[in-house]
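Single-structure report; data block below.
Think of it as A, B, C and D in the order they're written, each chain with its own count starting at 1.
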Amino acid sequence: MSAATTFTNTASTSANTGATPLLEIKGIVAGYGRVEVLHQISLTVNQGEIVSLIGGNGAGKSTTLMCISGILALRGGEIHFAQQRIDGTRADKLVARGLVQVPEGRRIFPRMTVLENLMMGAYCRNDRAGIAADLEKVYALFDILKLRSTQLGGTLSGGEQQMLAIGRAIMSKPQLLMMDEPSMGIAPLLVTKIFEAVRALNQEGLTILLVEQNARAALRLSHRGYVLETGRVVLADESKRLLVDPRVLESYLGE
Amino acid sequence: MTDTEVFLQQVIYGLSNGMIIALVALGYTMVYGIVELINFAHGDVFTLGGFVALTIVGTLGAAAILDPATLGDASNWWLLVGLVLACGVFCGVLNAAIDRIVYKPLRRAPKLTQLVAAIGVSFILVNIALFWGGTPMKVFGGGSAAAASKDFPELLEGSNLLGEESNVVLRLEDVSVFLITIPLMIGLTLFVRKTRLGRGMRATAQNPVGAQLMGIDTDRVISATFIIGGFLAGAASVMWSLYNNTISFQMGFRAGMDAFTAAVLGGIGSLPGAMVGGLLIGVIRAMSDQYIETRWTNVVVFSVLILILVFRPSGLLGMKQREKV
Amino acid sequence: MSAEHTQRLAPFSRGQCIVLGCLAAAPLLERVIPSLQLSSPLRTVIVFAIMALGLNIVVGWTGLLNLGIAAFAAIGAYTFGILTCETYPFQVGFWWGILLAGIVGAFAGWLLGAPTLRLRGDYLAIVTLGFGEIVQDGLKNLEVITKGTQGINPLPAPSFFGTVLTSENNVQWFYLYLAILVVIVWLMRNLEFSRLGRQWFAVREDELAARCMAICPDKTKLKAFAAGAAMAALSGALGASLLSSTGEPSNYDFQISILALCIVIVGGIGSITGVLLGAIVMVGLNVVVLPNIAESLQRNGIGSTSNVFSAPNNYKFLIFGLALVLMMRYRPDGLIQTKKAVRS
Amino acid sequence: MISHPCFAAVRVCSSLLAVSMSASSLAQNETAAAPVATASSVKIVSSLPRTGSANSQTTSMVNGIKMAIAEVGANIGGVAILYEDWDDASPQRGNWDPAIEAGNAEKAILDPTVMAYIGTYNSGAAKISMPKLNAAGMVMVSPANTAPNLTKSGFGEASEPAVYRPSGIVSYFRVVPTDDVQGAVAADFAKEIGLTKVFVLNDREVYGKGVATVFEARAREIGLEVTGVDGLDAKASNYKSLVTKIKQSGADLVYFGGTTQTNAGQLAKDIVSGGLKAKLMVPDGCYEQAFIEAAGTKALEGNVFVTFGGRDPKTMTGKGKEFYENYVKTYKVEPEGYAAYGYESGKVVLTAMQRIIDAKGTLTRASVLAEVAKTKDFSGALGTWSFDANGDTTNRTMSVFEVKGGVFSTVKVVD
């Protein structure tokens, strides 16, 4: 992909015309120590969409999610969620508002049982009935978790841990679910299963921001996509167009 | 004394000393579990708990408690429970305050930076205890010898529960160590397992970022952990004072070292591990004093420790440590 | 050896030159202000600097927390004592004494490290702490060999081209120790850029990755442990010669290990210059600054013995502790920050 | 590489080294040759652990020294006597620190106005400063060291005490009777009151171990049965297990070579609470109110014997009585045994200085040393005594105390 390729956010129109933006990121800058990782990133996720964020290693995908989640402080720019500015809000408060992340590498609690892990997802909730219903929903989505419910999280396989992490996030009753590399290091069969679950969740109305290195799978699943390169958005379009874009084909789809 | 009596006696002493070590170790291991800080100041927070206890006893003492007639009265139970609460709260708040002022700004600094800061805090607390010992109160010797050990009055009946004729000594102090410590330990375990905050603690300990992403206010959880850890240190200081009847401004050093050893022996970060580790160290000390020689006791304790760790590198009840992220 | 490597191997870095140069100039300052006696306490600073440089190999370069470095200093001091004291049959003299002390120290480090180095993080820390206690009590209890609490004395002062130094020649003595320190700093710097040094860093950064580069982490750690122990033992021997006595075993207790650790962290973990500065600051605080503050207050009639608050000496713990806390608060990476210490 | 600036720096350093070495050795010779002091003031310094757990004891001593100086109005024949209270402890150790003790000795040597060095408290510390001060010809008077091998042969290594006297002259003196006297008196007393079986403990420090060893030897010599010997850990939280072991051994006396600082109070408590019906006997390191306060009167009442070199200041007559009354007046507290030792150390140096001035001499290190060594029939707070050829006090008066009503009361005085 040529470095000259630039992109302006305004050029894109939402796939779901008329939808309201749920998450809007405006020119955020962030980094670690003396190194700046994100240079003015802007993107929008509309209500009901699946948006994928693709890019190579070190492009800043996970960093973007950490900024949205409030783990990493911004150095510039703004983040709006459901029409409210949220940058500077503490991470734990955002979860209560429905902004939930399934982090890279799962980050489940290894010395808690599967059930306890799931219940940690409901940490901010008080509605017992709702929690019970959501638990059933998670079990319906990933039946293996029900079988394993008394097992320690740390003893699950990678794919099972990923399901657990997604299930745990669902227990938080998210409005927007952000998933960081859900397919990483997982057997292909399970990847399919997980992606199916993502699609099913979306069809129930959940908005999803998906970060993936597996660009093809992500773009097939999502409505729109953004391509990140060294901390900048270099392409943004509807997924089906990105799938045939020569620059994407060359760099990320291996053709 | 017959050999059996001697053995029984040593088991009693070993377990009751071990209980106190375990109580200090619990606070150590909780804080470690959450922020991965070897809190060198923990032992000195414990010391100050002892000074609070003696100050309270001394203040009340003029009226009733130090009167030889009521000294050792069983009705002092209420006082004992009150002391545990008062010292526990004091140490809990102190511990959390230290965290806020000293450790929190260093949370993102290298691990050893926090360790050295904790060492610094330890020195400061030692000095505070030294000054405290110079308080012009009767129980502090009028303040004339600040650095000297202070006598802690026997609040509970000191006579032998097995009868004055028995060779084996079991006094109310020995029993009270169990009566106060075991409920505290059960309460702590239930708290950590069952309550929301307790689950938040476990989650933060196992995966801080994951916990934040679940909506857990980790700063609050960390403060709560320091408060509880401090509370246990305060409670332990009362048990210690009551059991040994002595406090001194440097007593936290050995208590801290024993607790650290116990915590690691049991598997650092593990609550049952800290209890097992504490009891084990207490019993090993007693047995070594009896069957080897007192002068070799430290060597025995630490040799056992090294041997156990060589064969169980994560301690007795520790999980395999996760790789550093 | 690559060209770049050769260039980096200039004998000393700028920082090291400045610190060593300042040390070398200190006795001149003493001549300008006679009441300022520096060469005597500065020898102690050098002894601790060597111990901390040894600890720096283990903690700073290899990333292993060692809380028992004083035990190796004790082993060094007692080895030196047994080999040189006139009441023992060996009497090998100062130079052989410190050399053999270093070798025995390295062996002790190897002996402790071999079974325990696969332990991680704080488990290793408690093992080293325990080893410190074992050594201390062992020295106290094995009276037949070590004379127990009595300590071994007299020990020989360094002799130099046939002249034996006495406590009146403390300036010469200081320069001799400084020369030893200079040699050690030179060695350390070479080590830092050597193959072994890079292996240590690799193990510190990522053990798994190091293993992938055909570095055996256990052997590498063991070498670091032995090297650190050897340096600590050497410092113990130099310290014993300075006192003409090994002192009591309790002079090598946990507090000394802690002091050495504070020197490394306050100075700047991993940096040779930092450790030297750390030794000057921390030991200087103990042996120069605090005593002088207390004495000058006394001279000016401030303070009395009437109660605990009025005696300046009773504030020493507080000052020492505050100094540590404040230094960590405002220089969390130490006085000299190494480039490697930038964290993510 | 040769032109690298660091090399230049090294070269500069080494030349500086050479220059200053020659220059400073010259300077050293000057000061060594003439420790001038004729002028208006001389200094007495003390080196005692002032930071940490020994602080209480050393405060008593410093008070004693200050009082001795105040008594002469800090002035002898127009020469002002300055006193400095040096600390040989560091906060790092919380106890005496060898590096600082060595530093103090050297600081004293290099300050030409220092005429006398009062110290140390710990016998281990004395071993470090003694040879240095001796080589410099400075008189050293210890108010507290009791290890016999510092001055007498036959107690430690064959090389002792010669190693502490590199100049061949005796320059170290002490006002306290040594442990060979004290340990023996203690053993004799135990036998006298009908005790037969003794368990000997020490705190594994130079002083405690030394006095316990002498006690043990004497006990065996006079036919007491020694049921066990052990060294305890002064930092332990309690000694209940150890007491059980002693109980099993059947001892009717526990001798503990140790001090209040090394946890004698805790031991006394645990003997009582562990149901061990045996007496406890401790040396002069416990002859202080702090011991009673630490152990609590209940544990000590009628259970403990404390030996001490000298008499109870309260019961003394003459100079001793004066000291007692003065001390109470000045500091508003009862003087401890340590206060008397401190006072006596200061007094003996000041008296020697007074004699030099009276004889129209000048105060030099050599003259002060020579005059202190001549101390004969000195009448002070501890009785009337002289220094013997080893530098030890001829005072062999030992008192045995017990605790009654919360204070020490004399049981026996051995002359």
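Operating definition for what follows: a residue touches a chain if its C-beta (ideal position, glycine included) is under 8 Å from a C-beta of that chain, and two chains touch if they have at least 3 such contacts.
Note that this is a predicted model, so its numbers are computed, not measured.
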Pair of chains joined by more contacts [C-beta pairs], B-C or C-D: C-D
Distance-maximising chain from subunit A - centres being C-alpha averages: D
Centroid distance [mean C-alpha coordinates] between subunit C and subunit B, Å: 32
Distance between the centres, which are taken as Cα means, of subunit D and subunit A, whole angstrom: 74
Approximate Å spacing (C-alpha centroids) for the pair subunit A, subunit C: 51
Two or more partner chains touched - positions in subunit C: 140-141, 258, 308, 314, 316-317, 320-321, 343
Subunit B, residues touching no fewer than two other chains: 123, 126, 130, 146, 295, 298
Residue numbers of subunit D (touch at least two other chains): 52, 55, 59, 91, 94, 204, 231
Residue numbers on subunit D that touch subunit B, as the complex places them: 52-56, 59, 91, 94, 204, 230-233, 235-242, 244-245, 247-248, 260, 263, 265-266, 269, 273-275, 288-290, 293-296, 298, 333
Subunit C partner contacts - residues on subunit D that touch it in the complex: 1, 4-7, 9-10, 12-13, 16-17, 20-21, 23-25, 27-28, 32, 50-52, 55, 59, 62-63, 66, 84-87, 90-95, 97-100, 102-103, 105-107, 109-110, 124, 127-128, 131-132, 135-136, 149, 156-159, 163, 204-206, 209, 231, 331
Touching residues (chain side subunit A, partner subunit B) in the complex: 69-71, 90-96, 100-101, 103, 105, 107-112, 116, 119-121, 123-124, 154, 168, 172
Complex interface listing, subunit B residues touching subunit D: 1, 6, 9-10, 13-14, 17, 20, 123, 126, 130, 141, 144-151, 153-154, 158, 160, 167, 169, 171, 173, 240, 243-246, 248-251, 253-255, 258, 285-286, 289-290, 293-295, 297-298
Touch list for subunit B against partner subunit A, complex: 196, 199-200, 202-203, 206-207, 209-218, 319, 322, 325
